[in-house]
Each structure stands twice: as structure tokens, then as C-alpha cells.
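Look for chain A in each of the two complexes below; its partner is chain B in the first and chain C in the second.
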Partner chain A sequence: MVISVLLVITAYDPVRQDAWISALITAVGGPLITWLIMTLAVQFPGETFMEYAPRLLGKVLGPIVSVLLLLFLMERGTFLLRTFAGMLTLSVYTQTPIIVFMVLTSLVVAVGVRHGIEVVGRLGDIFTPIYLVVTAVVLAASVPLWDTQWVRPIMARGVLPVIIGAVTPTAYFVEKLYLLILAPVVPDVKRARTVATWAAFAASVIMLLFAICVLFTFGPFEAPRFSLPGYYLARIASLGDLYERLDIIPLLAWSLTMVVHLSVIAYALTKGTGQLLGIRDHRSLAFPLASIGIPVAIMSVADFAQFREFVHPSIMGVYMLGLVFPVFLIILVVALIRKAPARPSARAKGGK
Partner chain B sequence: MVHVLRMFRRFRRDRAKPQRPPTIAELQAESEAEFLTSNLKRNIAKIRTLFGESSDLIVREFTIGDSPSFPAAMIQIDGMVDAKFSASELLSTLMVETRLARSSLLPRTILDALHSQALAVTQVKKEQQLSRIGVALSGGDSLLLVDGEKTGLLCSTQGFKHRSVEEPQSESGVRVPREGFTEVLSINRSLIRRRVRDPRLRFEKMQIGSVTQTPVEIAYVHGIVDQALVEEVRKRLKKIDIDGVFESGYLEAMISDNPNSIFPLVRRTERPDTVAAALTEGRVAILTDGTPFTLTVPVTLPEMLHASEDYYTHWVVATFVRTFRYISYAFAMLGPAVYVALVTFHQEMIPTTLTHGVAAAREGVPFTAAIEAFFMLSVFEVLREAGIRLPRIVGSSMTIVGALVLGQQTVNAGLASPSMVVVVAGTAIASFTNPTYALDASSRILRFAYLIAGALLGLFGIFFVVCLVGMHLCSLRSFGVPYLSPFAPLNVSGLRDTAYRAPWWVLIMRPPYLTIRDEKRQDVSNRPRPE
Partner chain C sequence: MPKARILTVAMVLTLITAGCWDRQEIENTAFVMAVGVDKAEPPDRFKLTVEIAIPSQLSNVGATSQDEQRPTNWIVTSTGETIYDAVRNFTHQLPRQPQWYDLRLVVYGEELARDYGIHEALDLLDRNIEPRRQAWVLVSKGVPASEIMRTSVPISLLTAEAIDDMMNVSAVRSSTIVAKTLHNVYQMISAPGWEVYVSPITLIIEQDSTPDQGRLPQGPIPTHHPRVGGTAVFRGTHLIGWLDDIQTRGLLFARGEITSSVLVAPCAPNGGDTMSIQLISVNGQLTPVMKDGELTAKVTVEALGNIGEMYCNPRASINDLNEQFANVIEEGIRMALDAVQKDLGSDILGLGLKVYQQLPRVWSQVEEDWDAVFRTVPFEIEVKASLQRQGLVTSNVEVR
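Moving on to the complex of A and B:
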């Protein structure tokens, strides 16, 4: 998740040297969104959204919203797939067709989905330390290149650009709606809510660190122009003679977490689809959904220029925070007002 | 028409039946239903038919006692029994000394009297069923039959020739016990018992293989081990129905959680100290007769990269060596693939001077780096296999051919570049650091998979295969224990004996990722401190 965020943190041009303040705002907004999403899951412990939606929203509206959620996850997943493949073709494999990476990535992700969320989680356990160490090295390596004068003057253009600059990174956290499908995996949802919120906070902190390093290194004029500021940071950073031109290593480490992230979204998508269609073994949907995902990913964004347009607050912000999130908020309010109608089976057991 | 056909079929069936000689399964079922009678002559005849006048069957008929005297017979398999012992102790007692003490034999039945007074053997078992007698005789027991008795006495007189306890061939070390398992189960058992003297160490006997009747034993320390694990091992072993078990590899393949994985999910070792340590950690060992390789379960991937010596040396040294072993395992898998990826796709990552050197060395080589690597790795695999299979006498000539001719002359002939030879040789040496042979096999196979991926797509090709292998590893379990524990799922206290080897006084708990009944290994106060 972090990598997709670090692509966009400095993307909004007018915010310029105040991007780090935007990142600070995100560090509040991101966890808040995560907490709200998990709050809905807490109302229905042990159930996925697909299971309780008909009870909460009715026989007609429930499945419709479920389909919308799945489409949203599909869009997020394929967008991520496109971003990842685009990142590879943009940085290392300039000669290789992008479809190669889409196919390979979706193949790996589909295998991950077939193995189940437990395996994906364990993969995350292994990859996260690698990610953290490599990221720390990259950030530390950029320190000699810093010029702290770049951040001045602080908020020269007022507060508004800063807030608008925070919109897109914050909007990214709305994709955590997949937690509504994953939540029943853990036995204690309340604890999971705390963990997820802190995880979102940690992600925002890493993003903040990236924003600071990119700003200090490239300055407010160059930084917004990069499509992959994090990658360029890794590219120019060096640790004496020890670490030079090894930008592909951070890229590899970040890709590891990218695969885990994509697998999580794909797992939620597969499981949700399976439940909605009443398929008992949702794993059989992994490869079909992956094969649908590839053309969708190709269609999602044409190139990185369009990608930059898409992540502009006026599009991404309106789409995520203006359309998707309000729908979720309405559902949450409904759930809180209706006091979480209990599971029919549970009610029957209570009656006896 | 149908009627005629049916008649024809019945006719054919009737004719076929008496012609077919009985299969072994039918013969076994037959002998299982057959028991000894009270007639000595008939009993001897029964055993003679059972063994089919096999040349190693010895039947010695004699009489016990004077008046009354009982005709008796001692039946043995030649070469399986200690002939000297059975002649001097067993037969002389029965033939000579029973005669002197005639009165005491009278009141009870002759068998009970023999059992309690005359047979100077530690293990005597009463048996009536013919099939069990047959298996016991083949295992080196002597059968004593007395006329008028429906029961035979099986005396344990094993005395077959076997290899003595020697240094384990496949797992060597500097500061390690030199004893290794042998092919005889009872010796192996004693090697373990000598290291774990608590009477709670239990051995459970079973026989696997319908024809070989191989003795197999489950070992565990009662009170540490989780009984559910023992039950699971027992269940999986009991399910095996095969004609023969000649090595523990048969069992390994049939009790593994994921038999198609190239990663070993059962640990095999020929070191008694390793097995004893595993038992005290709450694991279960499976001993198989006829092989020095003992299985222990459950096992995790990191544990297979630990040598027993790690636990006998200073913890800093052990951690240091272990780190290199981990790196070597990774290099043994990824080395050639990363090299090929670098020289093919990512030349900018190699330091400039080295790039020139590599490019210059590759000048005369007609193949791409990938084909070159594939060729050299194949040569290495063939050399290695030849090194294992070749008769020891031709060993020295083989070394000359392998090292000199192939190594030096492939470069001179322009078939491979010197840098490739270095990489492949480095890979080979790295793979020899692996203390578990079976795990090394997985790295040998994956090396080729990574190589193909690296040749096609560079480092990200390797990356995709790493992801797939990683997912596979994360999905594996060995008797319920996740294969990558304690790394995934992360167990911080478990890292004390994986990521590094903590000093012994810190390893207070047994491996926390195992399900065991008693987790505490030692007292907290074991750290040496000035009084």
C-alpha cells in the first residue's frame, strides 16, 4: 500500500514545499478512515459484508451494494496491477511490453489467493522486515543530499493547497474497504480494528518520511514532476562506494510488499465474489478473476501521464472521498442506527 | 445367445480357478488362520511347509528330561541366531540340565516349567499363530516346540552380523559425538536411550511391510511431547499398507503433509545426538530397521539449516557460522540466476571495472550467459552424481578428470567464461554448507528454475519465482507446524534459536512454535555469574 501512496504524495503541484504537511494530515485522515471501516466490521463479528448486507440493507439493495463493493475492489486491484506493471516498464524494463508483467503478477497473485489469506499473511510477515530495512537504508542514504532550505517558506500559499494536497493520499485509504470482507478471518475484530488503525498510521508515517526526504532531496520544483519520486530517491542515493546504482534492490523490496498488497485485495475480491454467487470453494475463482483483471488493468490507465491526471485531487478525491466513502458512511450510519440485526441462526439459538 | 455366453463364461471361470497358484496375500492369510497343534511331528511339518524347505531352516530334534521324557525340537534360521549361545546355553540346558532336575518338572505343565526354570534367555514369548512364528524366526528368534503342547516358545537369540557403530557418513562435524546410527534398530534404540536416560522415553513398536515385516518404532518423551502429535504419527504410520520398507524414505514419502513438495517435511538424520535433542524438545522420532536414517517430526525449514554442532560451540561462533549458512543456502539457489540476470539485463549494477572484466572474459564464449550457466550447472550436477555413484577405486582418476579437465579446459576451449566457472564453483561450495542433504536437493532443483526465470526476465523474473516459492513455503506444514516458523508466522521468542543462536542460558523455553506439553527447558538462573 505504501508504494502506491509514495507515488502520489508529491503529485499535486500547487502544494509544493508543503507536501509534508499534507502527509501529516494524511497521518490523521488515513487511520480515521481505517477505523471507521473496521467499525462497521465490528458490528458484525464473524461475517463478511456479503453475508450481512442483505439483512442490513434489504434483499435488493444489499446485493447491489455488494456488487458495487466488488467492482470497487476490482478497480482498485487492477489499478494497482497497472501501477506496478507500469512502474517496472518505466524504470527497468523499458523494452518489455507491459502485458508481460501484468500476466506474471496476476499469475503470482492468483496462486497466492488459491493458497489462502493465511499464506498471504505469512508472506507479509517475511517481506515486511525486508521492506522496512531497505526503505530505511534508502531514506538514510538520501540524508547527505538534503537541503533543508527547500521547505521554506512554510504554507506560503495558505492552507487550502495543503489540504487539497492531502486529499489524494488520504483517498487511497478508502481501498481498505476490503477489510469488510477480510475481518471475519480474525477471531477478535475489536483488536483487529486497533491493529488496522495503527498499521494505517504506520503507513502514513512512512509516507511522511518519504515526503520529507523527497522534498529535501529534490526540492519543491522538481519533486512534483516525478512519476515515481520514491524510485528516483533510491536512484540517486548512494552510501559511499558500498551502495551505488543499486536502485533495483529497493524496487525489488517494494515489489514484494506490492505483491502481498495486491494478493490481499484479490483475496477479498475472490472471497466476496464467491460468497455473492454462492460458490462454496471461492478459490476456483482466483484464476478466472485474474484473467478478467488483466484487460481491466490495461483499460484502467493508458499511461503515466493519464495516471497523474487520475490521481489529481479533482478526480481521485471526488471518486474516493466524494462517491465511494459517503456510500460507506451511509451504510455505517444505517448499521449503527439499526443496532446490528443479529444473525438469524444466532437469534434462533438465543430463543431456545 | 446370452445364455450360451453366460455358460461359456462360467466354464472359463471354472477352468481358470484351480490352475492359478496362490498369491502371497492368500498364503499369508492362510498362515494367519493356522495354529500349532499338540503333535510335535505335525508342528514341525507345518513349519517346514511354511518355509518351503528353505535351506537356512534348522530343525534340531531332541528330548527333554529322562523319565518322563518329552520329545522336543528347536527351530532356527541359520545366520540369524547366535549359534554359539543357542548351543551352549539353550540346548545344553534343555538336554542336560533338565535331566538332572527331573522331579521339579513334573507338577506343572512342561511349558511353564521350562519357561520359569530352564530357559536361560532374557526374552521368551509364547506363540501359537503360525504366521507370527514365521516372522519371529526370520527375525532371529529360536522356536522351542514340545510334544503335546499347542504353544511354542520363542526365545530371543538374535545374533546376525551387522555393521558396528561408526561415524555418521552424511553429517560430519568437528566438535560432535562421533557415533552414528547403524542398520540395526535395537542398537539405534540403545544409542538414543544412552543419551536420554529418563524412563519417560518411550519406544512404540510396529511392523510395516506385508512381505518385509520391517520393525519400525516411534520414540518420544512422555510428558514433554504432545500426545496428539504421537497419535497423529501413529495414525499415519498405521495407514501404510505396502509390501516392503527398505529405508525410512518409504515412510517419509507416505507420512509427509505435502508429498509433492520438493522441500523435506520430515527430518532425517543419522546422528543419535540430533535425535535425542529433538526428543527432549518434544518431537517424535521414527526408527526404521535396516537403515541408519532416523526420521524426526515436526521440522521447520530454518531448523534444517542448523547443524548439531551449532549447539555445542560458543553462541557467537555458532551465530556467525549459521548466518553464513543461511546466506549460502540463498546463494546456492540464486547465485547463477542472479549472475545471469546481472550480465544480461542489469549491467549497470555491476561495478564498472568488473563489467569490463566480465565482458572481456566472455569475448570468446559462443553462448549467451544463460546457456553457459545451464551447461556448467548441468556439468556440475553430473559430476556430483558421478562422485556419489562411482566405485571408490576409480575415485582419484575421477577427481583429475572433473577438476582439471572440465574446470580448466572448458575455459581454455572457450565453452565457458572464467567468471561463470567461479560462480558455478561458488554455488557448489555454498550448497555443500547445507547440513541437511534433502534440503540441499530442493536448492539444486530450484537453482534451474531461478536460472530460467533470470535468463528470461532478469531480476524481476527471479522475483516472481521467489514469490511463488515463498507462497509455497508459507503454505507448507510439517505435522501441523508451519514450515517457516518462527519467521512466518512471526514468533519473536522463537527467533532466539533461528535468526541467531542465543547462549544456552537464554534458551529457557523449548521451541515456542511447537505444540508441547512442557515448555520450560531450564531454570532462569543458569547464566554464570560471580557469586
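Moving on to the complex of A and C:
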């Protein structure tokens, strides 16, 4: 979440005090993207993308697109790993080499993936309340520092900067393509679609709240300067003498949820790779993939300055919304037109 | 097989529990409580003076033995080409690693603020993870910042803590002090149409410096102590002048930053007897308006007060007193505006920012030469003031 605030506040400077409107747009666009992704999964209940891709797209194109999806997940996962490690090295562990965090995190994630998606899900169950409480405290603690005048003038430069400002945070939701591999783990995909869409909406709302708090606390001229606006908010916020200079606690809570997030992507990547290669027990891939992930993460982004360039709408937006998402949309349209060719062994397997 | 597993876990554990790169042992740290930044003799540019707390002495307050009464703080000075350079140069004098987590106070020397500006001396405080944005920013007036660091306040163990408390208290109880933190300073610098203003800090020199026999044998009694109050006015990042206490009050009225204060007002328009008014609530607002195609600034103040003391003879009607109450506020604002607009020409009122926020179209026209425009903007002042409570007596004691 520390990262998501960055996306809406820092990714595109000219949006300035209208960042919250961009966040509002994201609250529509993000859930929409999630819903579309899950709609494809709904067409093939009980199957992962790797399984139905050859039937849907042919024996040649299917595996190629599957590989592209895995590469995309690899890129997303390593990017997240890099950002997570970057967050720790920028904020608290300024002298520790970044690779230490990458290795440790990958180890944790790989162990989680080996134990299966249930373990990852349970972790989410445990960490999410912690995350929500800590985030609520941080946001509430910033209220005394607010100056609501910072929000003015509203859309003085017209609508365009606001829309461009929404591109990067919205594009981030394309990452949810991992749901195409995860969807079969739940019995009722249609319900999962509803839940996932609402979850995406909730995530955007938290981002909106963050954007508003950062904006009101620091103002539109200061906020885009920060490497980590969310962390900066946690640093300055205080509740009387009770809660002061405790930024390490939110950092810890956010770290936990980022590890869960990374585990989900890593699980999808591992399972997808296993299915594509025809390996029966994909768990054995967890450690090898983690060891590939670390060097890829190191190479992905050189430093935070480059990170900022990468999340600029002209790069992140084009990459995610202009390149990856259209490919998905084409596949979705094909799936809807071909009316989901029935799985040959659907009845035999019970078609869960 | 289980053995191999246990061995692997043990090996990994030794890797990760052996400690990390960023560990800082408490016995190796020196807590920096306050920093003073001055110009240095060439070739160095910056001179830093820090107040370092001595924790063992801070917990030793009740000590009675002469030997145990050692100082609670230590003042060290270092110079360097940049701030960070100077910070690192402390290594040559400090047996421990300085830690900036508890920094309460940043004092810029007057000369530095005038000649260099404070821009260069701000970045490290923002970029580094140790200092917090809640530290107070002050400018030393008449003396270098290092002198401020060297003073002490007898009832406090640390100068930094004393000034920290002073700022906390007087920002609420007095109207003639501006209490600004690093957070505020960054905002004022980065916002368009809003210049920086912080509190000056001076030294009060006591004439009689011979220790009184009645005092505790706590070592030499300090001959000077710090005083905060007034306003240091910047343009850009350079110090350009000062506002006195009355002008500061006017500034704070116009910006609506007053919480409580005591005002002295005459009982009648022609002066003479006076009353003291305790302010209870003040609502000040600065609004830019377009009037006949001309940018005008409107200051509206609503003030409520209690009568604190009164020597009005003959007794005046409450309406007259209210009028005097309002007049005093308006006069203060006028004086502040004259100084800020005419003499100094620095928009510390944040009028430009208000124009940007409320009249963005107008701002795009005047943005380029706002400094010049600001000097010519006419101000309209409207003060509504009323007295609420008179206290336990209806009149002061009569002399017969």
C-alpha cells in the first residue's frame, strides 16, 4: 500500500492536488479490470489458463501466450520484490545491502508457496486485520496536521492531468492476471469474481484515503518529492504522546501484507510453470523459481529514481494498459465468441 | 533426512540472526538534541554546534554528592564544506556515533540565514531517515547559533528540551510567537505565493552574574538564557528582516493562527487608561477577492475575549470597550501589513497561495511577478470583537 500511494501521488507530478480524483477514477477502473479478468476465469471453471489456453487459442498460440503470462507474472513478482526490498533499505535499513532482503523474502515466499495456497491464504487472514488497524491508526493520526485548503483549486488545469494521473494506479490492477491461474482453487468462480471485484474496490478506496491524507498533510507541492509518501506519513503522524515516532510498526505491518501479496503472485507463477511444463508436483519449482527471481529483481530496477521513471504513465501505462491488457482483452473476446469449448474430460473429473 | 533439515534451518538461522548492518548499540550512541548551523571560516562553509544529551546524568537528577553533579549535556562544534561533511567531522571529537532521532531544535545563525540562505542546510534533514520533521526551526537574532546552543535554562536539564517546551507552551499561550517546525518550513518553501517565517531566538543577558549565596551549588549560574518571540521573515530561503512582537501578533491574527493571548487595549479612543483582554477564541481569515477587476485581500477576524484586568475610569460602556478591543486588533494587523508589504515585501501571509487556491485564473496572470504585485495589493480589514466575561468582580477596587 505504501507503493500504491506512490503510484497516484508521485507517478505523474502535474496531477498535484487532484490526485484524489485520479484515485476515484482508479476505484472504478481497478475493479472493472479485475472483473474482466475474472470473467475469463468464469468461462472455464475449474481450469487454469495453462489448461484451457491450447483449446482456446490453438496448440501453438496457446502455450506461447501462457509463456507470456508467466513472464509477465515473473516481471510483476520480481518488481514487487525489488520494491519491497527497496522500501526497507530506503526507510530503516539504509546500510544493509538490498540483496539481503531479497534473499530472505524469497526464502519466506518460497516456503509459503511450497506449503500451498492454503497457507498463503491463512497468512492473509492473519495479516489483513493487522494491516487494516495499523493503517487506520496512521491515517487517523495524520488528521491534526491536515490543511484541507491544499485540495484547492480543483481541476484548475482541466480533466486531462487527472485522467493521466489515474493511468498508472489503474494499470497496476492488470497484475491481477494471476487470478487466471488462481481461480480454480475456489469451488465457486462466479462468487470469486464478485469477491475479487469488491476486493479491488476496497484496495482502491484505501489508496484514495491514503492519497487524501498525504495531500492534506503535506500539500501538493511537497508530496510528489517523497520516495515513499505512505512511510513519510507514518513518520510524521502522532496521536498525542501516546503514538509518536513509531513508524517502524506500520512498516512492519505493510511488510507482512507485501509478503502475502508476493506469495500469491509467486504461487500463481509456480503453479502455472508446473502445468505448462507438465510437472506433476509444481511445489518443487518454488525454490528454483525464487532463485531465478532474485537476480531478475536486482536487474529490474536500478534505483528509486529509475523506479519513478518506470511508473510514469508513459511507460507503466503503455506497458500494462497498452500492451498486456489488450492481449488479454482479445483472448477474452475470443473466449466469449467461441462460447467456451467444453473441456473433454470435464465430466470425468467431476467438473468442480 | 530430518537431521539434514534441522542442519539447514540452523545454518540459515545463523545467517540471519547474526545481526544486521544497521545495528546501533545504545552504548555507542550520542543523542543529538539540538543543532545550530552557522557560517564557518573559509575554506569551510558550515559550522555545526550540537547539544548532546548525557543520559547517565539525566537519570541522576536526585544526586546530592558534589562529585555526581556533572553536566547533563555536552556542546560540540564541527565544521565542514557541506552539512553532511560537518556532521561526519564530529567523528574526530565524539567517542560515540551521533544519533539524530531525538532532534528537537534546528537553529540557523542570522548570518548564515542572510548570506547563504537556509536551502543548503535543509536537504539533509529531509533526506536522512534520522531527523524528524517535527523539530522546531528557529533563527538566532543578534548572536550566532552556536551561542544559543551554549546557553542553558536552569530549570531544565537540556537546553533543547527547554526551548522545545517553550515553543509548545508559548505557541498556545502567547500571540507574539510563531512556532514553526521543519514540516512547516518545507511547506512554506515549496508552496507558490507563500514565504517562510519562523521564530527568532535571542539571548537575554543578565547584568548581575555573581552567584547568589542562597542558590543551590549547582555550578556556575548562567548569565544568559534564551528568549523566543517575534518573527524572522524570509524571501525565498534568505532571511530579510524581523517583525517585532506587536507586528507578529498582527500577522498571526491575519493568518488565523492565534489560539490564546493577552491583549492590552485603551479604554477610550483617546488612550489613557488601559484594560487587558484575555483572548478566548479567534477566527481569522485571509481571502483574496476580485473587486472591480482588481485583486484585493480581505482580512476578517472574529475575536472573543474576557476582561483580564481593567483600570478604566470612568467606567466605559461595553460597546465602547468592544470597539477598542476591535481597534487594537485592527491596528496590529495594519502594522504587520505595513511591515510585510511595504518594508520587507515578502508574502509571508500566504496571500499568493490563497490566490492560487481560490482564484486559479487570476494566479496564472500574476504568478510571474507576484513579488511586485503583492506590494500593491490593497487590504480590507474587518474585525468583530466582543468581550464575554468580566471576572469575579464588576469593578476594580475603589480608592477612597
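Criterion: the second predicted complex is superposed on the first by the 336 of 352 C-alpha atoms of A that agree within 3 Å, B and C clash if a C-alpha of one lies under 4 Å from a C-alpha of the other, contacts with A are read in each partner's own complex, and residues count from 1 in each chain.
What we mean here is this: contacts are C-beta pairs under 8 Å (C-beta built on N, C-alpha and C of every residue); 3 or more make two chains touch, one makes a residue touch a chain.
This one's a predicted model, so the numbers in the text were calculated from it and none came from an experiment.
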| item | value |
| --- | --- |
| First, second, both or neither for A:Gly112, with chain B first and chain C second | first |
| Touching partner for A:Gly219 - first (chain B), second (chain C), both, neither | second |
| Partner chain(s) touched by A:Asp125 [first = chain B, second = chain C, both, neither] | first |
| Chain B versus chain C as contact partner of A:Gln149, first or second or both or neither | second |
| First (chain B), second (chain C), both or neither touched by A:Leu61 | neither |
| Which superposed partner A:Ile236 touches (first chain B, second chain C, both, neither) | second |
| Chain B versus chain C as contact partner of A:Ser91, first or second or both or neither | second |
| Touching partner for A:Ile248 - first (chain B), second (chain C), both, neither | first |
| Overlapping contact positions on chain A, where the chain C interface meets the chain B interface | 92-93, 96, 100, 104, 107, 245 |
| Interface residues, chain A side, partner chain C - complex | 91-97, 100, 104, 107, 145, 149-150, 152-153, 156, 218-219, 221-222, 225, 235-236, 238, 245 |
| In the complex with chain B, residue positions of chain A that touch it | 88, 92-93, 96, 100-101, 104-105, 107-108, 111-112, 115-116, 118-123, 125-127, 245-246, 248, 252, 255-256, 259 |
| List of chain B residues in touch with chain A within their complex | 345-346, 348-349, 457-460, 463-464, 467-468, 470-472, 474-475, 482, 484, 487-490 |
| List of chain C residues in touch with chain A within their complex | 12, 16, 20-22, 101, 129, 132-134, 183, 186-187, 190-192, 354, 356-358, 360 |
